[in-house]
Structures are given as structure tokens and as C-alpha cells.
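Two complexes come next, and they have one chain in common, chain A, joined by chain B in the first and chain C in the second.
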Partner chain A sequence: MPDPLAIEVAGVTVDFTGMRALDGVSLAVPTAGCFGIVGESGSGKSTLLRTILGLQGPTRGEVRIEGVLQPHRRDFRAQARLVQPIFQDPALSLSPRRRVGQSLDEVGEALGEPRDALRARLGGVFERLGLQMPVLDRYPHQISGGQARRVAIARALLFQPRVLIADEPTAGLDVSVQGDLLNLLQEIRAATGVTLLIVSHNLAVIRLIADRVAVMQGGHIVEEGDSRSVFDAPRSDYTRTLIASWPRGQPVEATG
Partner chain B sequence: MTDSPPIALQGLSVDFLSAGEPPARALRDVSLTIPPRSIVGLVGESGSGKSTVAMAMMGLLAPNARVGAGRIDVGARRIDCTDGAALAGLRGRDFAMVFQDPSASLNPTFTIGAHLHEVLRTRSPGATRAERQERAIEALRTVGIDRPDARMRNHPHELSGGMRQRVVIAMALLARPRLLIADEPTTALDVTVEAQVMAEIVALRDQIGCSILLITHSLGLVARYCDHVSVIYAGEVLEYGPVAEVVRAPAHPYSADIFACDIEIDAPRAPAAADQRFRIIPGNLPSLRDLPAACIYAPRCRKAVPACMAGHPALLPLTDEPERETRCILAR
Partner chain C sequence: MRGFAGRIWRERGGRTGVLLVALVLFIALILPFATPDPNKIDVPARFLPPSLHHPLGTDNLGRDLLARVTVGTRSALWIACVVIALSMAGGLALGVIAALSGRLVDRLVTGFCDIVSAFPSYILVFSLVALYGAGLGKLVVAIALAFLPQFARITRSQALTLRHRPFIESARLMGLPATTIIRRHVLPNIVGPVIVLASMNIPSVITTEAAMSFIGLGVQPPQTSLGTLIRDGYVFLDQSWWPIIGAVAVLAIATLGCTLLGEALRDVVDPKLRREP
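Right after this comes the complex of A and B.
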């Protein structure tokens, strides 16, 4: 039997009151690569992400992660080791009332791992992410936004998940620092063999970082394939429009 | 077009005060020249002070801001930036503004029509209600809004973000300002809508002959739409010049560094996506409460030499290209 896909989405439809957010979406995310999902507001990419994470139940269809049917709530530990999200806003992963170290210790409680063993692993994760141990004693408001993003990633990595899902990882970041986060994701990918799923509206970033890409519009996947072929020879009119709309250096002539 | 003088901002300095701390020197000696009918980009990262420039020109700074110095030349007038009443006289007449969030310019309890009528009551006090209605509908049609007569009766929440931004542009069209200040006008919009809204902003310039100050973090927008660009960092303009020349051969290492970090849609790719690595600028912004008497970028600059730490450089023209200005002592 072949290895299961990292993520398999089969015929997923999600209906909200009065609207269909996803309409029969199927997607196969291979293991150990970076898969990008691009689309504009209302395309359904966030609903798809929430459905894969088990935060949204599908009206029809099913999601499997490494062959395991989702949502898989009965075994929290197994679920936490299967998939972890990295949200756009790191504050979503950290309680403002607990020190960073306390929030990270929760990972040990969730996994049933003794605190000393967790803290030992934490040293390695912090080193890889360029975080200093004194950060553990701070509250979230006492660390910088960049550190908070790294702490949120550290929390996800401590679960040693098979799949990492990053939602708009570079949104709101300046160009001088977005490369730092992207390099970090690339290093994590190389060091752990994790499957990375990135949802983003940033076509230019996805073009460089993803092996495969799906383009979403109106609750459908309009095009999916190898990143090079999607960006260099798009088959769908919508993908062509999207790429052509991306601002680039050709000046627009004044007509006045 | 007659060659009217450019709109010139000269020597703007703004501090933000907070109790128990030294003032944050948010803008220092910022000057901008905006030629008639041109689009000037003011590009910078978070914390650079680019939005503070816009708010100071509009006289809309927060109460804890203190304008130390600055003046604006508009036509034959010279306005003192420390004089709030004088700035208020420019606002809505000579200067109009488009914000990142169109809701900031629209009152949720008023219809779209009420907003447009309001602009016309100020700008064309002699017009009858019927004339105003006709011109308002025409303005909505001009910025690409379907069924404009029906839209006049809608409230802002009934429109999409892109449509709301078009309404704000229609308001500017009716206000006929000399200068439109657009602060991140498309940042909250999808990329396909961004292209349409930028096209409407360019069309506005073509139609009423105004100048545009486009404040943005997007180098792609600057390269595509602007004639001149001013690069701002930590409250100082580090470089100014025609876009094509600045992009081709930046005269300040900071400009070169952020251009190199920008990820373009046609950037060179590593053979395998897993091998792709991205450029960054190491280090952090300097503290605005404790500024060094040196080049503001020197601590992060790849090209810094001891002379860069020896004094604070002025913004001066390049020897061979007097149209361009830089604060970098190595470029002279």
C-alpha cells in the first residue's frame, strides 16, 4: 500500500446560511513538501483551512490527514501530533495572562510529557528559532512581535506535528523582516521533514516557496499543479488575471 | 497645462510626547517636492513616519503630537505647519485624502449620496440640489460604479471594500483638490481590485489635473505608478528622485536593501523551492527617543565606514544628477 497523502480533501462542501463557501473541493497534498493555497477574499481559502484543521465541519465530503479521517477529536494527543496551525496573529496562540514559559508548558500537559523532558526539547527548538531562554519568563506583551511569532512557531513545533498549516504567515510584515520568517519556515521544513501548507494572498511569496499550488476562487479550486507550471503557464483565465494584476515594475503611461 | 509651481513641504519636524519619557522624534526635517500632475511615492516600512507626514499635512495629528517646524508652499501661499487653523483651510479644498480604510472617510449613518452632496455643498455652494445630484451620479459613474443612481441611496456597509474606496475617490473627484494624499489606499484590497482602484486614482489625476502623494510600503506600486519617489526611514527622508533612476541605481544603501528584500512576482527562483532563501535587513529601527549624531541607517548598513558615524548627514543633491538627493555620504 502506498504511503498516505499528507492531506486528502475529498469532495468537501461547506454551506453557511444562505451561501456555499466551499463547493465540492478535492485536493491531494503530498507528504514532505510545501503546498501553497492562493486566492482572494471570499475565495474559500480560509474555510478550507478551517475545515482541514477540524475547526469547521464539512456539510459533505471528508478530510484525511495522513490517512486519518478528520475531525479526530476523541484522541487529542494523536490529533495534536498530526497537525498544528500557525496563525497570522501570534497572540491567538498565547494567553496574555500567562508567562510564555507557562503557555509552552501546556504542550507537555497536552502530550502527557514530564515538564523536565519538555523543557529539554524546548532548548533545541529555541536554538533553532533564535529565541533566548529569558523569553520564557516574560508575558506576551513584554516581547516583540517578531519574538511572539517565533514563540507561536515554537509552540507548534513542540508537538512535533506531521503537518504544519500557516495562515497568511507574512501578512502585515515589512519587506525587511518577512524574509526572516520565510527562511525560518524553510529551515524547519529541511530539518524536520514536516509537510507545510501555506495559505496566502501573496502570490510572489507562494511562487518561490511552494512546490505545488492550488488557486481558489468562489469556493472552487480553479487550478492546481506544480508551482512552476501554474505560475509560468497558467491554464485558468482567473490565474492569469491574478498574476497580471500583481504590481510590478512597468510604469503606467499617463493619459492626460 | 500651465507650469504652476510644485507643492512643496519643507523641513517638517514632529515629536510625539508622552509623560515621563523623552519625546519620540517621529519626523525630522522632512521635505517633499510634488510637481503638478505628478504622482510622488512616499515609501517606507512600519515606524518610518510615512503616515505621520500625511496627517501633519492634513492637520490631523493626534493631540500628543507637537509640530516643531515645517511649511507647505501651495500655489502662491505659504502655510505654516504649526498653524492648525491654516492647515484646516487647506483640508477638503486644496488637499483631499484617501485612507487605507475607506470607512474612515465615510459616516456609516449617511447614504453615499449624502457624502457626495456634502462635498459639493462646500465646493460648489451655488449649485442647486438637482445639479448636485446630477454631478454626484456622474462622479460615481466615472469611478466605475454600476447603477450609480441606485448606489446613491445605499449606506457604506452595503458596498464592498473596493466599492467604498471608489466612493472616496468620487468624493475627491468632486472636491477637485490640488493634491490627493493617498495613504495605503489599496492595502486592504485584493490584488485584482487594487489594480482597478489604482487605475481610478490615476484617472482622477488625469481628469482634474491634481498631484498625488502615494504613501505605501509597496515597492511594486511605486515602480508602477509613481513619477518620483521619496524613501523614508525612521523619520528621515534618505533618498528622493525620479522612480526609474532610484530603482535602477539607488543612491542610498537603505533603498538598495529594501528593493533587494522586495519579493517580485518575476523574481529569480532557486531550482527547487526547498532551496529558496530570502533577503532580510539585519538589526532594528533606532529608538526615536535617543537618536545618534550619525547617519540614522549606519548601524544596519552593509557599506558603513567610520565617517558615517562622525556626524548627521544632510539630504543633498547628487553631483552628477542634481534632480536626485540622498543623505548617504558615500554617494557624493
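Right after this comes the complex of A and C.
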């Protein structure tokens, strides 16, 4: 039976020189849902995400993935099958000097899976993401931003991870494409049962996709709860201000 | 690559550099097949001025100077290549280790580089040779050590900026071994500036080796280098000035050519490194 909590963060503090980026943050991400973290830039949401991924060591506090306490120096080899990231600019998460196919073949290398078996699985993933095989022979700068984003998602999915962590997945996209991408992520979640953890400054995105929400401000979590209750009946003043400052008439329903 | 070479060729400095380096390579690699034995002593024919038979004249023992210059050029180039290869390899290794292994190692490596480069390179090489004795092998290692910090520094700074690039972090999160990430993702993205640095350092290495051999701390007779040739000529300068002309000319051509080529290479590979006049 899977652990009821995909990710658990307990009392995590991260200090940078002369600055506290996270101040005793605790968070519980339930398995198989979609958890959204929202906050303005500088609120610490990216640092929290990097701490969960193990790219940033916490000054204090603990991170558990599927109930297992993570050491400060992570074993990324074991972690890769559990957690995969989708970075803010996916084109930059592909090596500029390697063809897309070479970058994807590295998944097989990391998993110890033969190239043919990996390519066979790749067909299914590409089909789901609407990618064409010729993309494999291109370099990242030769494909479109949307394709690069899908390639990065494909690479993450090839690991068949339990948790997908996406940093600003809709940054720099048109509103209509944003909707497509969010639908795609929801489809993936429904089909694979993966837990989604999405970080965004965009309230509309989080409201649309997340079933649980945490609101961050100044290195703290100021509010956490069901998406509906946070957005409809916010308890914290900051959340109220954030929702009030969100321009009316943004076509949330139109994209959903 | 045609566009790459073309861009070097289009600049006047780059073109001059290519031609001068080609001339030096010709002297070092092709000319020895056409010249007589550089060690054949013919004392009655000593201190001859240039003639058809001896295009650069003869030295104090009547040896053909053109032949000796070709051999000296070849060993100077050979030494420069070995030195640069050593300091580049050492600098790449130290720089990558410093950038990727955490603060303590970084401090140690940076401190080591600061200490080594606190000495002027001539003083450092001179002291090392004085400590451990003259000789080609020791000289090569000493010069390589003197030039290593520059390579370590540039590698470290390049690797530090790469370290947080998303494609490196993705590779880490994929669980690829550190050696694979360094070999496949880090090194290919930092070699450009390192190669530029190497090409710009070749002239300094050639002159350092010549200087050390000139004062008798480097290449030992009967081996020949540009430095020993200049010293041999210098000793008998009151009797004939021909013996130093060839070696000095090649030294000048080699350093000028390598500098021009290195600068052109730098402008093509990374225009940001250019110093504004």
C-alpha cells in the first residue's frame, strides 16, 4: 500500500547569506492528487521546490519522499524513479550540444534499461504528448518551445515517477496553450496516478489544476487547504489580498 | 567548421597569425628533411655568413645554423605543446573538482591557485628548477605548474556558472553518475574558452622555456632549443652575430603568430573575452 503522503516537508529552514529564504516550512503532499504552491516571486516557492528535489540542502528540517527520510546528500540514482522535475524553461533543461534523442536515451542509461526497450516505451509517451519521432534527430534549438516542453515532460515520464514536480509549467505560454498544457498534465495524472506538485505565481493556473493549495509569502506558508476553500473562503489576509489583486475577467473558465 | 575557420581567416590578424604559425610549423616539421645534420662539426667552416650552402651561416663549431634552428624550433614547439597539455589537463581537473565538490575543496584549490600565481611565472620556474635541478623533464613540469592556475580558474568559473543550469540539474536528478555528467555535459560546454586560453599561452610558454634554456636551466646540450641556440650565439657575439639571427627570428615569428592566432580564435569563440582598447 502506497504511503498516504507522497512528500512531507517538516520544519524546513533555508538560509542564504544574509537572507532567510524558507522559515520553518512544513507541508504534506498527499499521494495521487495535484498540489499547488502559489506565491509571488521571492516568496520562497522555488527554494522549497529545490529543497524537495534535493538541489538545495536545508539549513534545518527534513524532507520525506513516500515516507522515507531523505539525507542532505541525496542518492539521485534511487530518487530518479520516485521524483522527476519539469523545469520552468524546459528547452534549457536539454543539453544544447546533444540531439533530443540522445538526451532521451540517457533515461535508459540512468535506469539501466536497454535502448530498444526504452525506445519502445518512448513511442507510447510521444503519442500521448503529441510528439513526432523526427524530433529525436533535432537539437533543442531546432525545435519549438512547445515541443521542447513536451520533450522535457516525456523525459520525466519515461522514469515512470511517483511524483512530478513542475516549476511554473505555464510560464511564457499563451493562455490557450496554457490550458492545453494543464489539460495534458491532468490527463497524465489520471492515466498514471502520478502525484503532481505544481509551483506557480499564477492563481488561475493553480485554481484550475490543483485540488490542494499552499499559499506562500516571505518564506512561510500562510495558508494551506482544499483549493476550493482557499480560493472561496480564504482565512489569511495575504491570500485575500492576493486574490483581490488578481485581475477580474481573466478567462479562467474559458481555458478549463 | 568551415565558417569557423573562415571567420579567423577574414580578420587580418587571424590571417597573419595562421600564415606565421604555418611558417613555424614548416620550419619545425618539413624543413628538417632538407637540411644537413645539425650536429655535424666542421671547425674550419666556423662563423660563416649566410650562403647558398649554409642559408643562415654556421656557428662556432661550423655546424649548419638553419639545420640547428629547425631542430630548436621543433623542440620548442614540442615542449610548448607538452607544457600546455599538462597545465590544461591539470587545470581542467582542478577547476572542475573545485567547482563541483563543495566549499572546503573549492577553498583549497582556489588557495593553491592564488599561491602559485602570486609568484611571477619566471621567478616560480626559476625557483623550482633551482630546488629540483635543471633538465628538460623538470623544466616542463615547472612551467606547466606556473601556467596551471589560469586554466584552473577559467575552468572553475565556467563550471560554476554551468552548475545551476537546468540541463545539468536535470542530469543530476536523472541519477546519472557524476563522471558521466562531467564528461558529457560539463566539459564540452567549457572547452571553448579553455582552448582559447591554451592558444594564447603558447607564446609565453615558448619564451619562458627559451629564457630558462638561455640561462642554462632548461634544455641541456647536446639537445637544442631556441634558448640554447641564442645562448650559444650570444657567447660568441663579438666574433659573429649570425648565429643568433635565425633563432631570434623564429622566436619572434612563433610568439607573434601564436598570439595573433590566439586572439583571432578568442574573438571567434567568445567575443565577450575581448578587451576593449
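Throughout what follows, the second predicted complex is superposed on the first by the 238 of 256 C-alpha atoms of A that agree within 3 Å, B and C clash if a C-alpha of one lies under 4 Å from a C-alpha of the other, contacts with A are read in each partner's own complex, and residues count from 1 in each chain.
Going forward, contacts are C-beta pairs under 8 Å (C-beta built on N, C-alpha and C of every residue); 3 or more make two chains touch, one makes a residue touch a chain.
Values in this document were obtained by computation on a predicted structure and should not be read as measured data.
**Q** Will chain C clash with chain B on chain A after the two structures are superposed, or do they fit?
**A** When both complexes are placed onto chain A, chain B and chain C end up side by side without any clash.
**Q** In the superposed arrangement, which partner chain does A:H201 touch: chain B (first), chain C (second), both, or neither?
**A** After superposition on chain A, A:H201 lies in contact with chain B alone.
**Q** Looking at A:S176 after the superposition, I want to know if it touches chain B, chain C, both of them or none. Which is it: first, second, both, neither?
**A** first
**Q** So, does A:R20 touch the first partner chain B, the second partner chain C, both, or neither?
**A** Neither chain B nor chain C is touched by A:R20.
**Q** So, A:A210: does it touch chain B (first), chain C (second), both, or neither?
**A** first
**Q** For the overlaid complexes, name the partner, chain B or chain C, with more touching residues on chain A.
**A** Comparing chain B with chain C, the partner touching more chain A residues is B.
**Q** So, A:W246: does it touch chain B (first), chain C (second), both, or neither?
**A** first
**Q** Could you say whether A:R128 touches chain B, chain C, both of them, or neither, answering first, second, both or neither?
**A** So A:R128 meets neither chain B nor chain C here.
**Q** For A:H72, select first, second, both or neither according to whether it touches chain B, chain C, the two together, or no partner.
**A** neither
**Q** After the superposition, pull out the minimum Cα separation from chain B to chain C in whole angstrom, please.
**A** Checking C-alpha atoms only, chain B sits 17 Å from chain C at its nearest point.
**Q** Let me check the overlay on chain A: which residues of chain A are in contact with chain B and also with chain C?
**A** Chain A residues touching both partners: none found.
**Q** Name, in rising order, each residue of chain A that touches chain B in their complex.
**A** 33-34, 40-41, 174-180, 182-183, 186, 189-190, 201-205, 207-211, 227-228, 241-243, 245-252, 254-256
**Q** Using the touch definition from the top, list the residues of chain B that touch chain A in their complex.
**A** It is residues 37, 45-46, 190-195, 198, 202-203, 205-207, 209, 217-221, 223-225, 243-244, 247, 257-258, 261-267, 269-270, 272-274, 276-281 of chain B that touch chain A.
**Q** Any idea which chain C residues touch chain A in the complex?
**A** Touching chain A from chain C are residues 165-167, 169-177, 180, 184-185, 188-189.
**Q** Can you check the complex and tell me which residues of chain A touch chain C?
**A** 53-55, 76-80, 83-85, 87-89, 92-98, 106-107, 109-110, 152, 155, 159
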